Amino acid sequence: MHKIKILLFATMRTRAKRSSLELEIKKDSTVAELKEILVAEIPALEASLHHTLVSIDREFAFDEDIIPENAEIALFPPVSGG
Amino acid sequence: MHKIKILLFATMRTRAKRSSLELEIKKDSTVAELKEILVAEIPALEASLHHTLVSIDREFAFDEDIIPENAEIALFPPVSGG
Amino acid sequence: MNPSLFPTIVSITEDEIDLNILLDKITLTSTGAAAIFTGMVRGETSRTGQAQGINYAPHETTYLEYEAYKPMAEEKMLQVAKEIREKWGVVEGIAIVQRIGKLYPRTPTVLIACTASHRDTGVFDAARYGIDRLKEIVPVWKKEIMPDGEEWVEGEYIPKEGE
Amino acid sequence: MNPSLFPTIVSITEDEIDLNILLDKITLTSTGAAAIFTGMVRGETSRTGQAQGINYAPHETTYLEYEAYKPMAEEKMLQVAKEIREKWGVVEGIAIVQRIGKLYPRTPTVLIACTASHRDTGVFDAARYGIDRLKEIVPVWKKEIMPDGEEWVEGEYIPKEGE
């Protein structure tokens, strides 16, 4: 098990009613597995997870990517800046 | 005969060593005729007359155009602003 | 001019966007042209039926509230600048600035500026590319506050691996 | 927004070009995007063999001295704005400013800015068209002062009747 920090932005933050959380995950967990853990922790996130973007250490990440130790993870909707 | 005011800009001004002059021209003179009168008055302008632009009352004018009374005429090279 | 001296400015900021200062910072002695794009908060939107997969009706906006994942956003802005330089090698200076916080109608929210020696070098296309890419990969979001409610605006672009 | 309220600013001026102020003046409540072009005095030109029919070698510029036939120039700027509005009906505000006098390298000399509700409306093309047209029909000239002499720069465009 290792600890990771998860940042939530925009819709994700609003739904989760928090802007970050820490989770313990198994070594070599994937992004897909993380999403399952996260929904168990915060059910309100489930509805938007299908179009959520994920970043690991500030790079876009995908379901099959493995989460390294001490990673900074972020979940957010498709961007809408400008 | 009527009087017109001629403004000179850029190369034309430098060559003529003046920025404006007044001339008497015959009624219904054309731009082409004006150019001849002007060269007689200021021979230094001859070299550049073939690619000189002319305006009458702030609109581009052409050799066959007739110069109205009290017109404000300008002669200048193709523009190079920006 | 040595390309390694070409300035690249990226910034997520709560401050006003100062076009004069930004333009000065990306102007070199060899620079003759700048193409600058700015986006502003629209107080009234009359266009219907398009943008980001959402059909929206004409409506009024009271203000927008922007937020950013700042460190990632600035890294992605650097990536947009890198992509611009790869596509338009003639570009000299690049500035990419996103303002965040509560922003009212008519306020500039974003700026992309590219400079080059001459205007026929693709510098307009470079700026256009920059704003398009920013709206795809730079993690910034806005919440729209309207007279009768508020709503997060969501984009539709899904970045691919390596973006 | 009533098109008759769309602002058009044209100016020949000896003053500094203030992008912030000009942008503000052409930003309406319905505006969401601005494309701005500025030209600056190049202190060093490395491009060879082109531009306005003259083959020039790489060279240095000490400064440029601009002059204008001011009343006609401002009328022709209004005409450029009118042409832009005919081609891009979506354009909201237009600013066209030419600075004249003695201008040193890195100084903005000209600005064309167009605003619209959205960026995909041709607003970039409108600004590009504006600067191209200004360099064809707006009576402004520049004398280039170099370390070893000076020379009037002449354009090559010959306006046609009605332009």
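In this document, chain identifiers A, B, C and D correspond to the written order of the chains, with residue numbering beginning at 1 in each.
The rule is simple: a residue touches a chain if its C-beta (ideal position, glycine included) is under 8 Å from a C-beta of that chain, and two chains touch if they have at least 3 such contacts.
Being a predicted model, the structure only gives us computed values, none of them experimental.
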Set of chains whose contacts include both chain D and chain B: none
Chain of greatest Cα-centre distance to chain D: A
Between chain B and chain A, distance of the C-alpha-averaged centres to the nearest whole Å: 74
Centre distance in Å when chain B and chain C are each reduced to the mean of their C-alpha atoms: 49
Between chain C and chain D, centroid-to-centroid distance (C-alpha), Å: 23
Multi-partner residues of chain C (at least 2 other chains): 39, 131
Which pairs of chains touch, using the document's own definition: A-C, B-D, C-D
List of chain C residues in touch with chain D within their complex: 1, 18-20, 23-24, 27-47, 51, 105-106, 108, 115, 117-119, 124, 127-128, 131
Chain D contact footprint on chain B (complex, rising order): 7, 9-11, 14, 51, 53, 55, 58, 60, 62, 74, 76-82
Touch list for chain C against partner chain A, complex: 39, 52, 66-69, 71-73, 75, 98, 109-110, 131, 134-143, 152-161, 163
